[in-house]
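Take a look at the structure below.
When the chains are written out, they are named A, B, C, D, E and F in that same order, and each has its own residue count from 1.
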Amino acid sequence: MNKHLITNMTWQEYQSKIKDNILILPIGSTEQHGPHLPLGVDSMLAESYSLAIAEKINAVVAPTVSYGYKSLPASGGGPIFPGTIDLKGATVVSLVYDLLEEFLHDGWQKIVLVSCHYENEAFLAEAADLITRNQTEEFPKILLVNWWDNLSENILPLVFDEVEFPGWALEHAAIAETSMMMYCYPELVREDAITDEGIDIPPTFQQFPPSKTLIPQSGSLHTARSSTAEKGRLIVENSTDNIVSVLENELFAKVKITD
Amino acid sequence: MNKHLITNMTWQEYQSKIKDNILILPIGSTEQHGPHLPLGVDSMLAESYSLAIAEKINAVVAPTVSYGYKSLPASGGGPIFPGTIDLKGATVVSLVYDLLEEFLHDGWQKIVLVSCHYENEAFLAEAADLITRNQTEEFPKILLVNWWDNLSENILPLVFDEVEFPGWALEHAAIAETSMMMYCYPELVREDAITDEGIDIPPTFQQFPPSKTLIPQSGSLHTARSSTAEKGRLIVENSTDNIVSVLENELFAKVKITD
Amino acid sequence: MNKHLITNMTWQEYQSKIKDNILILPIGSTEQHGPHLPLGVDSMLAESYSLAIAEKINAVVAPTVSYGYKSLPASGGGPIFPGTIDLKGATVVSLVYDLLEEFLHDGWQKIVLVSCHYENEAFLAEAADLITRNQTEEFPKILLVNWWDNLSENILPLVFDEVEFPGWALEHAAIAETSMMMYCYPELVREDAITDEGIDIPPTFQQFPPSKTLIPQSGSLHTARSSTAEKGRLIVENSTDNIVSVLENELFAKVKITD
Amino acid sequence: MNKHLITNMTWQEYQSKIKDNILILPIGSTEQHGPHLPLGVDSMLAESYSLAIAEKINAVVAPTVSYGYKSLPASGGGPIFPGTIDLKGATVVSLVYDLLEEFLHDGWQKIVLVSCHYENEAFLAEAADLITRNQTEEFPKILLVNWWDNLSENILPLVFDEVEFPGWALEHAAIAETSMMMYCYPELVREDAITDEGIDIPPTFQQFPPSKTLIPQSGSLHTARSSTAEKGRLIVENSTDNIVSVLENELFAKVKITD
Amino acid sequence: MNKHLITNMTWQEYQSKIKDNILILPIGSTEQHGPHLPLGVDSMLAESYSLAIAEKINAVVAPTVSYGYKSLPASGGGPIFPGTIDLKGATVVSLVYDLLEEFLHDGWQKIVLVSCHYENEAFLAEAADLITRNQTEEFPKILLVNWWDNLSENILPLVFDEVEFPGWALEHAAIAETSMMMYCYPELVREDAITDEGIDIPPTFQQFPPSKTLIPQSGSLHTARSSTAEKGRLIVENSTDNIVSVLENELFAKVKITD
Amino acid sequence: MNKHLITNMTWQEYQSKIKDNILILPIGSTEQHGPHLPLGVDSMLAESYSLAIAEKINAVVAPTVSYGYKSLPASGGGPIFPGTIDLKGATVVSLVYDLLEEFLHDGWQKIVLVSCHYENEAFLAEAADLITRNQTEEFPKILLVNWWDNLSENILPLVFDEVEFPGWALEHAAIAETSMMMYCYPELVREDAITDEGIDIPPTFQQFPPSKTLIPQSGSLHTARSSTAEKGRLIVENSTDNIVSVLENELFAKVKITD
């Protein structure tokens, strides 16, 4: 029974955290992640990151948003693949807006959206902007973070030691995500199904309806070969530390100053 | 690693189930459940029921919808309580509509919504109606089920042996839900926090804004005293069996006939 | 010319009532009511109840909302029947929200929604909640009432003297509604078309698209046999009195206290 | 008991009309009509016109839509006046769209919207356009009619014999509407409250928020002096006849041709 | 480089105008204007009028809204014609609402919507009403103006010297618009394509789906014969002067008074 | 009079292009671009690129969408700056959806969205996805292109010869955009207002409400020093050529194949 999950708390326990703690909302997706990773990768990683951050700063973690915006064809394969269960953009905005409205109504001053699905981000930002756009005070403050923008530059060559880094656009179900899953949920990685398939260069345009031949039939955008649990540990720990630094700088420090 | 959860499946494993299996979507809420039960009761029970049903009929279970429509003051305490994190009605409709649209697009013919939060039901029905309203064929078919409408009449006196059955409206965080949680998630029940508080008769009207004095400050609508894990087992097993019968009658039998 | 109907008042007459009176909005539907009752039953009863209440407490009555949310298959027959002219849930919410917004803008402090169509209630509650959710004062206050929750227990055996009470879910176009229509609008009841048809037990699930064989082709969910105008009078007078008591307790008394 | 009102029909009686008859939906408003006319003028006239038309061509009449779009300041006085209970434009569109969708679903081929509130018309047209925009057949066909565009030119000098015709924009609660109310609902006209107040020229611009001094405090845009029941009869009978001619030309004739 | 267009200003130049100047938003459409005028007539004229007004009162002009609401069949030809690129009513409202919200947020006190497409007006009014409906102060003030309501009566006989004035409803791509285009954008008028086609009397009803035979296949509602650049100059200069007078009366004068 | 702009065409000229040509929709924004560039940069460049592409492949260009989605604080400065006139995400989606619906209705088979404002792209993709999501044929096809993803790698060092390339996120009103404006609209560049201000590293998180100290008060995210018209020409010509290649590959070639 994880003590950071609000789902496990009574309402009185939850209430006692509001004044001094940070609330984290993990946001994932349900979508194809190649032949070797399960559909829930983004949601599982969102929850793992959120709990790792919560452990370090004694935050609380709300139930994970398990469904997200459509992946685009060249950054996830998109609607062509069964199991990619997507929401419309307007639905993502409404869903996260409503949740933020409730958290703010309960009195939270520091809210962190932990995003593990790139295509969600424009809609998460829209929800956070709409709910705060007439706010004149600095707090309550909502931060939107992800692991890939918070990975230190020196980690990249350690992860991409055998295979060249193809850019984040193609890093879907590839070395970074596969390594993190091997570290966090090893029993869910079908290592023998990892292929060499992939595309070399992301397309320079988007196309609707999506092309059925743009990416390999397996759903792999780039090879996951050379993934290891150790690389996963490197990424998770480094990103977690960096995100914790961001939160300390942006949420704690300034609060102290204004005190 | 539960093999019924699509979150654990690769997209190819998921795809292989579509033709012959049933897809279950568990739908819960995050809301106050008195001083002795956690906020996640409805979501946890929705997932428990879904997995129990899936086990019996070899169905697959999609990620649980963990946030639901507002509880009303006299059937949950509503927005007065911190930790009651609710969606607007339109958001619930959009969310479930989008998910149903994706499941239907993937080819599912038999979809079951397992509901464990009464106030969601009008909005779940709206979503299911909107997505099927121009459909002329019998299948794909969507069923909406819950445990309380599928509890055999003879179970009621066994559960309400010491305390009189107050009607389902007041049975929120009371004997039925508490017993089920003692059976399914015993470590999450704070038995020593159970009180005798409650109201005797549900109000005959609804009031907006909600009254702050209608229900006890603890959030209990009716006492959970006399709850036991054994009663929980009785409810869960009986309702599960009855729901499975419904599914067999409405989904399998007719399919066989059309074969 | 009924003096309680705002439709008959000039704007100055209407304005003179705002400070001290109660405004009632009757809300009905247009839907099949079996072979013996007209499509307008719910709207007619909503207006009758509203005028009866208005007469006793000198309230004013706004134009009846004559179209409502879809009836569900097992509590009205639903979209299968011609003449069931339904609004989508979002439309009901917008419609009632806009009306409440205008009434509140005009300065009304005490508003009563008189509902005579069960399936409307979740959407009426949503509209009333959305318009008051950021209100911190107790007044303006909106109450949502119906006749079936405000019928005294001792009336039931008088009404169901020959036929056993099947539960309100099946009491659509059955003994209660037919008796009320015989009392209020006798010329609109085709008594010779009353049948014995009906279903015994409401289904324990909802199904989409709706089953075409669930209820009798006549649209009767339960027999209306044994209906009488006298039973209708009993129901209408008892419910009206009980609703008036609710309004006196919740609207007048508290106002006096705060004075 | 008017036999043309669907509210008075059983669903089977209603169903029997669909194949060969025309369905009329009256659409009004609830808004200030000066010190001498009631709030319901537009709805009452919409119903009167609809029934008069129905009588001549054996059509059926659905329940009147009693709430409409905002009147604009210079053509009704608008939101400044208590009792002007308006819907937002989007709500009018949704409401009428849903009704049209249901009528078309029931199989009606000829639908007539009878409009008695000028400001509704853009939104009624939008609803009718949205529901038919992908239709390639000529039928089902929806017509939108009103009395003022269907008044013969030779009637105008008979109505405006003492007072010069100020243009329809200012003819709100003035001679035409007052005369029609004196003819149709004489008991609802407060003749002694008729004033000489009004404005001479409609403004050449619209202003938001609306000016509070643009029109007289009584709500009269133009004098109703010289109104008579006889003038009302002239208008109603002439417009009704002209509308019936339109329906015969546009609905009946062409149907015959396609037979 | 026109100095009144905000598109040409840096944000600091723009900011310097907010306190003392008027902001003008030109709103047009993209729709068929017969065989002799281009699709952009309404947008071009909206921009021309806006710049002419801006020149006289030193206002600033925002980027023209180039797409508008559907023209109706009898006042533009509507969706039957290729090149009529229309927005839904809800989209026009959202678009103009968002722009007004941003202008008000930037601090503008005096905003003018210059409309050159009749069918937009109900939706522009809705947007302006929604954004100001809870405003209690007189300023910020939004005015909605067009050229046809601001044309002096004595100009009409000068313009319609050879052809009788058919009413504004039929004056689409006819003498007034053609003359203005000959004055403002002579190179875009195909004078040799002007026809005598047209309809004499606007229909007294609206029909959905639109009739394909109501108006001539060329898209002309009324002849543009006898159009001249000189007539265009007369209209533009007179309307511009009248609109400037309105702005001076409604925006400047009153501001001085409140000072 | 540019012959590629549909705004300059009659509806018959426009119609004659539909079968064989490509339709381009330029999409920009109105937002701050530092102290040296005007608010219309994105819209002007969108139109310039569209016309340059149209010139090469004989395409037609629709009126530019001049307002776009909010810039984010770290990629444009966002709502803090006056003159940043943004639409909500839902409005961008509706606007572009409606336009695409009309173009498809007119029969266009090949549509290109030319985007010059990064933050629009998620919403443009949503609109294009929603309109094509149930389409099973390859054509009609919608492509979404921008200049920065279509710039050849060898151009980058020529442009960033003095100043290091900071990544596209910070390249707002910096060297690339300033150079292109110097090439396309030299009279609109205030070269003497170019500063050295900027930030070095884009933030690794997003914050709501936006920080008021994140970027320099001038609105410059990165210095525009070393911009030249020649660099602008390089970018425009190279990107244009590359986009033309994309269009030839994706639109023309495949059409030929299916012939």
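Rule of thumb we're sticking to: contacts are C-beta pairs under 8 Å (C-beta built on N, C-alpha and C of every residue); 3 or more make two chains touch, one makes a residue touch a chain.
All values derive from a computational prediction rather than experimental measurement.
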| item | value |
| --- | --- |
| Shortest chain-hopping distance from chain D out to chain E | 1 |
| Distance between chain centroids, defined by C-alpha means - chain B, chain E (Å) | 55 |
| Averaged-CA centre spacing for the pair chain D and chain B, given as whole angstrom | 48 |
| Of all residues in chain D, the ones touching two or more other chains | 79, 88, 90 |
| Category of the chain touch graph - line, ring, star, complete, other | ring |
| Cyclic chain order when read starting with chain D and heading to chain E | D, E, F, A, B, C |
| List of chain F residues in touch with chain E within their complex | 1, 5-12, 14-15, 18, 30, 32-40, 43-44, 62-67, 79, 81-88, 90-91, 94-95, 98-99, 102-103, 105-107, 187-188, 190, 193, 219 |
| Contacting residues of chain C [partner chain B, same complex] | 70, 72, 79, 88-90, 93, 119, 121-123, 125-126, 128-133, 135, 138, 141-145, 149-150, 204-209, 242-243, 246, 250 |
